[in-house]
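So that you can tell them apart, the chains are marked A, B, C, D, E, F, G and H in the order they are listed, and the count of residues begins at 1 in each.
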């Protein structure tokens, strides 16, 4: 059941809702600005930590997250 | 002389306040002045801007299709305004937040590390006043002292931040070299 | 690896213009997903409002026709009467549906129009800059209630979905929320129910969605989501207020 | 229905003409003096597979019309002055979205509730657009029941051709009066012009948007100029008017609708007494037949009287048409008073007389 | 507040001016670009014992205004184009019942939702009455924040004096722009003119009726003529306009509000290049300053350009004023585009040049 | 002999223009009597509707100001906010209040405006010649429902007073009838309650009155009174749906 | 408790509701037309029959009935 | 010749039908005709009227401020119209229901006991056709036969009453003396 996510930085608006709602705490805010001027977030996970539960994607307002499962 | 300046950035950066302090100061100095903020749907997504026109004569249009000066606080605003500025005009950028530079050679660019300087005087929320101070050095539409006086009026309900903002104005003013 | 979550094709491949953390964006996706899953992309007609979602037609990849502020239910009625086998839905803010559109909505419900109203309750007039909405809660400070909403001056937050639930032609009425992923998922199931009620010819359906407006509430997105959960849900209980079964609407 | 003569009141005749023109949807709200039109539609539309819906208000009605029009239908609503005022926002939206529909206004007297007598005091509203923004609607002003039929039948084609709202502007007289009429044939729905802009679900084609919101000012200007060009085309292609006893007229009466009908009677009477007066009757109020009216002046007529059942509205268009060359007089009767032809003939005689002596 | 100069945006300034004129009631509904006016009123009215009420719609707002006006209050509402369209029925009723109130329309571009940029495309609606029936409202068009203050202050007196609705017609520019302003003094409520027609309960006097329904056509006509006479009085007493650099002008630009402001800048620029152009700025759009404009023509100006931020509406009044004598040109920019004075000055130069050569 | 029933002086001494057996006439008298009995003749301001009662100002001998069709609640709001100590009432037909005036009425109720709506339910549009009203009952033949009102096409008869009763700002909501002398007398008592709720500052009050329209129902007056009793009361139960006590409105 | 009523013929519209609702049946329709063209009703009662209950007046839409009591 | 006739009475008396039958007959006979009923608030209180104009030429106004002829079915209508009739015009009154007579000497008055005659042919609801029959005798705008034919069309859904109404027309026609 291991998974991973891919964040589309261009779409991200830095709302950090994914950060807030990832039950495993795998997404982190950064001080990186994207082209639109938002601080993007990063997925930081060791293999297997992400369960591909999709909750981050479910809450992401920008449809910026894709989720993959083994 | 009629000078139109656009102040632009994110909503929370105090860009409207920069313009307001300039406009108010111009009024106090007996100049003709108009201040036109962006409004409505234009502000969705959190960006904001305003145009301040200062002149010795009656001002026809408060709109600026090509401003003489731009004071820019974030990337998207620079993208939007960089090509609208008059040839020969000036662009002030907050170099702490803006990670590219306009390609044009026909404008004068001032880089102001506004957040850094603001932090130095006490709080980086005063970055806007740093920018305004810098602006006043090379675009002396009003006296620095007038702007500092106006800051006192603007923050009359929050006297605690008046001194900070006055110092930020000064820090910005002094950050630009020359006379 | 298998992709288990990706963008629905009922949404055009363009970024939203909404503020960071805005509930409209989430809800757009949900509606689009349900349309795709019900295989209605080529039979859906949407009616966007005046409100922050005025540009909804830029996102939904289905036919979309604009209504004047508040008149969504009347416009949708016109469309649906001409094309009775299409999915016709309105997407309306709280000001749109529960203030200026009160009469049109109640009477569309009363006629049992086979349309679905998606009613986004963010407790303010978002697009116009955060004025009081009919749904603003008591004490809430907005740009037109600088002293906080006071029932003796400004009246009460209106539980409009409950009003609609009691109208005879309403087949389905529910309130849901977006304040965490579980509720987002639940909202999607409820949207599907509402569309099914419509396509089953049962009558009018409405889904009220409690939705954060970080910008006008002057809160960070996470804080805004919390406020929905803590403050709004108190005034606006979640649940299905009416759900009639096939054919049972007729008196 | 047969193609024999029938005796029918204006409201019914308009309803029947609409149905024959392919209208299958009617949304409206009762208001005197046109209640018999929705009543007729409520009986008749279901017979032809159409839909009649009494809306909760005129505001709802015009927005149902807006929706039905987006969905591609030939659709109609009707009302009278106060109800039409309530539709102004919707009409402006329909213009912005370039939607076609037929709207009937059976005008009544006075601002506010006023009265229900024949009146023409919504001329400005109809021709200048009572709603906001730069827009126009085609305004057809019948002066008999037969003409109401013919213009209604035609209105739906005009509405579809130009993607515009066509307004039938009448009053209690045209609405309530019965006259013998002959109906044009029933249009098979299959023969109606197809539309490539309607919202029907994006089956086998990209999804469509119908909207009037255009945030970018340059796009908005472009859109407005597009509308203006369309309106100019209509101004070239659509003016309609009637000329009556104009050949040797020393004085021309300009009047439309009910007023024109009375004026025609008055002209005949005045003629019997040797008064050389004629009638110019605009049938389209917008586009106003400027050219034709100007032509009369160029042919030498130098006195015009505008007779209207209001305080003087169409006279502005006549002024614009004629400039300050000819003598321009107003005979205006606001408030629902319909003078009789005798009375009017006396007015004409007096005017011609005073013109001769001056 | 002091009588010093203040830097204030148009909406706030109008709100403050209204309060100083004795307005204590505001009913309205949000719409861009004038939201800051109700917002200001919501803060400020309670401070002076007044009432701010956000209504459920513009339709409700205008009818609350109607009620408050019947009860004798100085009352105001404000909106922007689509919202004003929704008020047309109510405005017609207020005219019929001869009620006074001040209504602010900060116009936006395009029919329908359009956009929120500065525009002047509700000129027809404002000056001809978008509602039904024969009625007028006084229309004041400020072109600076100070003028918005002065006209608003005056509007309440005009409204009371003539028992009419006075419309302040502006746009996003006047609404949103900040300029230095000086306010007139606060009017004590006791000093406001008393009214002998309001509904306050029949204490010590016979009961009163305020209505617009007049079933008898002759009475209705009488009432309409009474309104017309009042309007004629206003036409005599109230026209306001500004003349700028007209003495030796070969060409006169006619423009109002925001357009006039830009035009003034353009005139100055053109003058610098020797182009003899001047500006005629109607301040009251109704009553339109026909006489004054005609006077210019009589003084020998033979070329007029009407510059307006719409597809060409005020030009009709200019035509009516000038007839077909002078050369009349239209420079119309619909949809919210505000050209800059430079651009406009070029247009003027070109026009004057072509005039000289032709 | 002592006069035990005579004309109230809150009515002008002029005959009514209503049809024989019309409920409006009876109700006018009742309202006028209550105003006189509460000693409010010189403090009452009435707002007549567009509808058969459009000429109500010819009968009530109190200040009266006309509202556009359906906008009574908004007009009364304007009056009352300016003159908070007066009795302000609207008099509205079913079409006026429950169709075109839906939004204004619901929101006046929601704001708890201290006004009273007298709502005459005669199940048709009387003045315009007997078209379907929002309150027409199912199966009822009107000039716009020639086949009888059918819920699937025309929607349901709306129980608007029950809707209003559930709105928070409503202090008093009742339905009564005029179908016999006992109910006439009861109606009067209820009108008084409603006015008292207003003058006590409790909130919005509404009294719906089932009222015969012999002309448009095409019945003799006695038959019309029977029809109210037999048909209308079935769809529109009589009773007091809400009555709050002093001060209890605040949330 | 004897009473009587006086009917204002000019106001009467002949709706016969008083006829219908007088518990004692003391009011009768007639074929007399009044000036407005309505068939008026008459009060026909022997002394003491009318109880002055006012029900006729209460239902009369035209306020055409006055009631008197001993 | 243009003749304008007003038909007036209570709503239930079939006055609009009288006018309609006349107008329809005129149409069938190829005449110009307009029919204008009272409408709206005018009808409240139960009275109704209509004006039928018949002519050989196009008709200007369907309104009649002073009709040539009046056919009157009840007292209030006689009160209302008696002074509007053209000098030299005609008034037909239903003498069974109308209990006063016009004071004017310059109009010709015909008294028709319409209810009585209608009862004689079978039902007093046909009093309107009796009046119309009487009217046609002295105001022969259309032939009696045409009116009788039209009655057949009007009552096509109630064939049972056609004969009755035709007889009523005839009875009225014959009730007026002379050729």
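Assume a residue touches a chain if its C-beta (ideal position, glycine included) is under 8 Å from a C-beta of that chain, and two chains touch if they have at least 3 such contacts.
These figures come from a predicted structure and were not determined experimentally.
Listing every chain that touches chain B and chain C alike gives A, E. Counting hops only between chains that touch, chain C reaches chain H in a minimum of 2. Across the assembly, the chain pair joined by the most C-beta contact pairs is D-E.
Chain G has its Cα centroid 85 Å from the Cα centroid of chain A. The distance from the centre of chain F to the centre of chain G, with each centre set as the mean of the Cα atoms, comes to 26 Å. We define each chain's centre as the mean of its Cα atoms; on that basis chain A and chain H are separated by 87 Å. Averaging C-alpha coordinates per chain places the centre of chain B 61 Å away from that of chain F. For chain H, residues that reach two or more other chains under the stated contact definition are 40-41. Multi-chain contact residues of chain E (touching two or more other chains): 32, 53, 56-57, 59, 82, 89, 93, 97, 112-113, 211-213, 215, 338. Within chain A, contacts with two or more other chains are made by no residue at all. By the touch criterion given at the top, residues 50, 54, 66, 68-70, 95, 99-100, 102, 125, 127-129, 131-132, 134, 143-147, 153-154 of chain C touch chain E in their complex.
Partner chain C is touched in their complex by these residues of chain D: 25, 27, 51, 53, 55-57, 59-61, 63-73, 75, 89-90, 93, 97, 199-204, 207-213. Remark: chain C residues 99-103, 106-107, 110-112, 134, 138, 151-152, 154-156, 158, 162-163, 166-169, 249-251 touch chain F in the complex. Here chain G touches chain H in the complex through residues 33, 35-37, going by the rule given at the top. Of all the residues in chain C, the ones that touch chain D in their complex are 41-45, 47, 54-55, 57, 60-68, 71, 74-83, 86, 103-104, 107, 111.
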